[in-house]
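Listed after this line are the structures, all set down as structure tokens.
Next, two complexes with chain A in common: one pairs it with chain B, the other with chain C.
Up next is the complex of A and B:
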């Protein structure tokens, strides 16, 4: 007989991992949530690209469990004159805006800490996304240009930054922006002795440490690592990192599948001609 | 999942599913992914690669666009299809902004009049520049550009003017220079500008085409297309040649505003039909050329589809299906030589 589950119940009402080795939502500790990706929404609408209406160059919508994120990419396009080029910079300038939409419900917002693009936490998120992707965007031929990334969290249930990075990866690929590698991100929560991959907002209430890792799937290079509290020792970090890396691989499979599905949909009858 | 989703968010997801699930256009790929669902699809194009995927391990290949070298291996840097020409390996992204090449015919819109040059939007990574010295003066006059010309630049092209031009040069900092040093290039009037995906327009011998339904089109390599009723164009050309014979001291401003010809409702409809046909092809990512455009128009005429109905999703989908079948049957889409 499964214990009664409380939705936003206080931590401690039930354990993070029960006797059967399952988490509150039935996952195993190292399992990520179901991921659903929609690539290219809004960029290929039947008559949306007409005349002067500039739609996004690339877009992606990613759901990881009940966290839902929409990323749109504009560019590369001419750099706005106000953002002067840094001396010695060769590649494209990446701008990122991160916002939690007003319609967002769940974790963060309902906890009384709703935030918009203007506040500190959002600009921190934006800076993280920017930092992660500046390392992988290939600068050749993108001099004097900028890439604008807009990330909207439509629903949050933990792992917003990770979902935002995954969505941005897909949107950048959709926009045809050259990347050294895909960036996949996954969170790990360290609760007691458990390493919980892709934690939900509910599991965050155990007040364990939450580690967000973004890495490249083919070389396992870490491009972003965020830890919001202390870990007891080096081993814990190592273990958490390996769980996160495994989670990133799973995310990569989902991203790969989504791109294949997108290609299959647009490729159906022909190969695009570009002589 | 522990609890029910919120109503608002569910509505949003439902909308997305609706849009992408209709199958009426080849838009977004959507897939429900379980954790272990990844066993590899069956119908996917097998030559699709993602950034970071290994292409070739040995160094006998030449690095082309969309690839980079990592630890001596050739690796993709685009999500796209692999294309090998002899030893040159390139990865073509499915969609991207326009990548210009010298000699491309482009259609653009003037964004800004700067000192001695215009900045033109041609859907590229940067705005292209059109130097004052790279345009034809009215009546084909051959002389140095004076300070007076510089003050008078808006008389040639002002902000917002659609123009056609040719890519003259791509400089080392990836900036693009255009020129209009030919009678066929220059300001465009009395027509419609539309945008499609640049990957759908192949570089061809002719980019100035006359469509069967009495519409002239400039299929810009950059994905911008200019449509105008062709009888009008003929009238304009006659006008131009007539004027070339006359004296050349007419003020420039007059030249710019000389051609507001009236366009009848019938010509409007012809242009609108061509426009809708092109956007329909774009929505289905079918290559856009005179053949495919006229096929759509013929199909619409055959099915008795009104111009305004061509934008309706179910109609567009029906017509696109038929056209796609016809095109593949005519092996119009059969493997083309992809060499530039």
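Up next is the complex of A and C:
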């Protein structure tokens, strides 16, 4: 009798979703990883004007699973003379620098995968973050100013762009920059017929397409959409988008909680001492 | 060190129907079974049970195994099972349960590794086996308390007697562990077939000896050692070290089909410097085989030159090999000097790194039965040694065709032990023997699933509509006809030919059934067709790749009915040069479905001016004359004309008994159709290659190596003939010369040589154009620079893929994503090649079977020829 045949394609190994409907780390396909946010740590003052001497105006540290990102915001401050705004732009100029000092965990931890702000991928990420936030920052009164955002990926286990956007969102709010809405981001991996929300580096090994979506939770406006690799058809994209939107909503709850916790702490610290 | 984050959940159901606590939890995942409320006991098998006792678990001889709970930790166990095996098995059992709607088995899967109450961290220095067992017992403890309210008791089922023995002490009394042996002992009275399905064998003894040797009584150990027949296999670590240091080499064990005492392993001795230089190392004598089977992956040790042996010329059959055990390794009485002179590199197996144990068919040897419940099983495949089989009803199994699975081979026993998987029927009975052929060649002969059948069009309503005609070429007026063997119902090609108005050439149409119009990419039907790969034709039945509604009705280009087709329209000049080629979907109406014989008669009639040539006749005449020229040109280019005589049987209508056997007659019309199929295959290959240079599914036939021709040259030399095999052209010319020279006095000789040439050839195979260089695309036998399979989508799945690629070329539909991927096409080609190989095996065996049936009670005197000779036989 001939040996058991497996269908062609990825054979052996674990499936992305097992027979019980669970992913390798025990999540269901549409569940995102646990998020931990720390807001305002190391900022000069809650609503102060940050500068290099006094530290950032806003900061946030976001952990999504084992992906850890730190975002710091300086400004708004006077626009440096060298920087040129896009013609016709009415709002503030957002500068973004993106750096990975990553301890790559889980995924393909090769020498080539840790990159710094100089390389192409980092500038791409920076451009994406810049593009996402320029649409939501309220520009009135900030025409001549610039906002500098520094994003450091400290540890990477998939979904770094999404985590970076979430951290930037928090840091901007911490800095008191007026936003039209919060920006929440979530990745979705499309592997076989599964839509895996918030994919880990390990799950990226299945070489499915990865969609990163940043949207505004109250109006569900998509401010950023990035797709790595191809999707077979429109339906797949629609499905992936709706899973991503649901993921963004989850992320929003975490961000909302973090901001509430932060303001509660600030309120406690600044509350007048009652006699 | 890689570490993972794990989410432990409290919303995972226990899958017991009676459990109220879990009833409200969400159920996810693919069809999982549930444990019904009626049972009191639920078995939880461990990894080794899943690996070795598959047949027992799947059988329906007792209701004991109807409800099983599989643990996630067991399916993904490290240890000896390995992840993949467990999962493959689980998938297999699932599809099997779905496809064969026999007794419904309930396999529930409990995700204990993601469950908050049953997840366990691995302790430092804990071995795989210990960790697996701890997870298993802890989960069962949890389940026991969880199931307490409704009295369901989980019992661990294990292969290891030692585990059963130590469980109460080590893991506490609230875990019940039962070994397969205890289970069988307990229930064999009630369910007698349990014994034969269970793979008891000696695996346990081995395990006991090797793992816990210290625990056994010294006396017992000694008495076992006395009977040791084989050397112990070395550990994996030792093998790895040995392989690295170059002390051992690894290769695939190949038994000699003629002599069971001999086997060989082909290895590259100088892996780094010259990986292509392969040496064949002989393993002579059963002890040097050390329990390896044909096809196993083995680690071998090279023997010292002084111990090298000669290859014997004797044919040693199963029974003889059995007697030979004592004097194995004997060099057949050849003197010592002689041994040295023509000795070949010899070695011995030190470890079997991967078993290729499969079930095999055969029957029991009655003489080996000496009371008791066991007997020796003689496999039909001569390369497999005799297997000891245990059954409570052994007497009923004599004279029966059986499928036996090999379980283990202890080093204390001369034969491997196995168990009966299936009893097929009386040996000699045609249905039973056919069943054996199907099982051996693993031809999928189950019915189509409901999901696949749901993809079919409405059987009563479907017809070619205006909409079809609107979108396609309307070729209904063309004089199209199909030519096929008699009683052919799946007609996948039809032809037409009309003279061009200027009288200078012809328009030739090759119309192929448009299967892809019915079979959508990725549909359940498509998946199932891909799994079957090809239609398998046996003498008295066939197993189709697609449901009969398509093969013999909607796709089949039957006469007088409008059908959808994929057409290749060629404009050819009088010398059969292709001036232009167009491809497109069409609607055709075949004028007539002819047999080769009818078409031939029509041709002959017109040529001898007996009949008037109508439109159809002219079409046929044009095709025949073009085919003649095409053929000539191909032969000039070096295409081989080979012979592989096929026989056809005449069967009695009701009983299917063979009444007569003949050689299949090949007429001019056969060759004509073949020529145009080939032409369109080549045209299509060129077309898709132009559009998809990196991912076209093509078919090539590599040039045979000189070694492959050696036996042919030897045979030819025996007749004093010299063949020039330097290229396909010269070979063909030499063969033609033989035909001329010996044509009168020995007409059969050239056919014989052509047959031998065919046998020596390697098979043509599918490949992806992205994986090879252009020069490797060559089809040696057909002398075509590129070729593919386009013309039989009804019965070959590769053609379906080619149809999809061609469709994409001409802009009918986008190419599915996966068909762009050369790696995917490559994997697909490999599967197709494999399926084709096994699909060829079954018909050959079926013909063989029918031939034997026909001659069973007949004595005949016939001339025959010796085609090959062993050097010495006895």
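Simple rule for what comes next: the second predicted complex is superposed on the first by the 231 of 275 C-alpha atoms of A that agree within 3 Å, B and C clash if a C-alpha of one lies under 4 Å from a C-alpha of the other, contacts with A are read in each partner's own complex, and residues count from 1 in each chain.
To be clear about the criterion, a contact is a pair of C-beta atoms (placed from the backbone, for glycine too) under 8 Å apart; a residue touches a chain by one contact, two chains touch by 3 or more.
Everything numeric in this text was worked out from a predicted model, so none of it was measured.
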Chain B versus chain C as contact partner of A:199, first or second or both or neither: neither
Superposed model, chain A: greater residue contact from chain B or chain C: B
First, second, both or neither for A:230, with chain B first and chain C second: second
Partner chain(s) touched by A:100 [first = chain B, second = chain C, both, neither]: neither
First (chain B), second (chain C), both or neither touched by A:16: neither
Which superposed partner A:171 touches (first chain B, second chain C, both, neither): neither
Which superposed partner A:66 touches (first chain B, second chain C, both, neither): both
Which of chain B and chain C A:35 touches, first, second, both or neither: first
Doubly contacted chain A residues - partners chain C and chain B: 5, 7, 24-25, 31, 34, 65-66, 105-106, 202
Footprint of chain B on chain A - complex, ascending: 5, 7, 24-25, 31-32, 34-41, 43-47, 49-52, 54, 57-58, 61, 63, 65-66, 68, 75-78, 103, 105-106, 136, 138, 141-145, 154-155, 173-182, 202, 216-219, 250, 253-275
Chain A partner contacts - residues on chain C that touch it in the complex: 2-9, 12, 27-30, 32, 72, 76, 83-84, 87-88, 90, 92, 94, 109-111, 113-114, 356, 358-360, 403, 439-442, 530-531, 816-818, 824, 827-828, 830-831, 834, 838
Residue ranges of chain B touching chain A (in the complex, touch as defined): 1-3, 5-6, 8-9, 12-13, 16, 19-20, 24-35, 37-38, 41, 43-45, 48, 50-54, 66, 68, 70, 75, 77-81, 92-97, 99, 125-127, 173-175, 192-197, 199-200, 202-203, 275, 279-280, 282-283, 285-287, 311, 313, 316, 324, 327-328, 333, 335-340
Residues of chain A that touch chain C when the two form their complex: 1-9, 12-15, 17-22, 24-28, 31, 33-34, 65-66, 105-106, 157, 200, 202, 230, 232
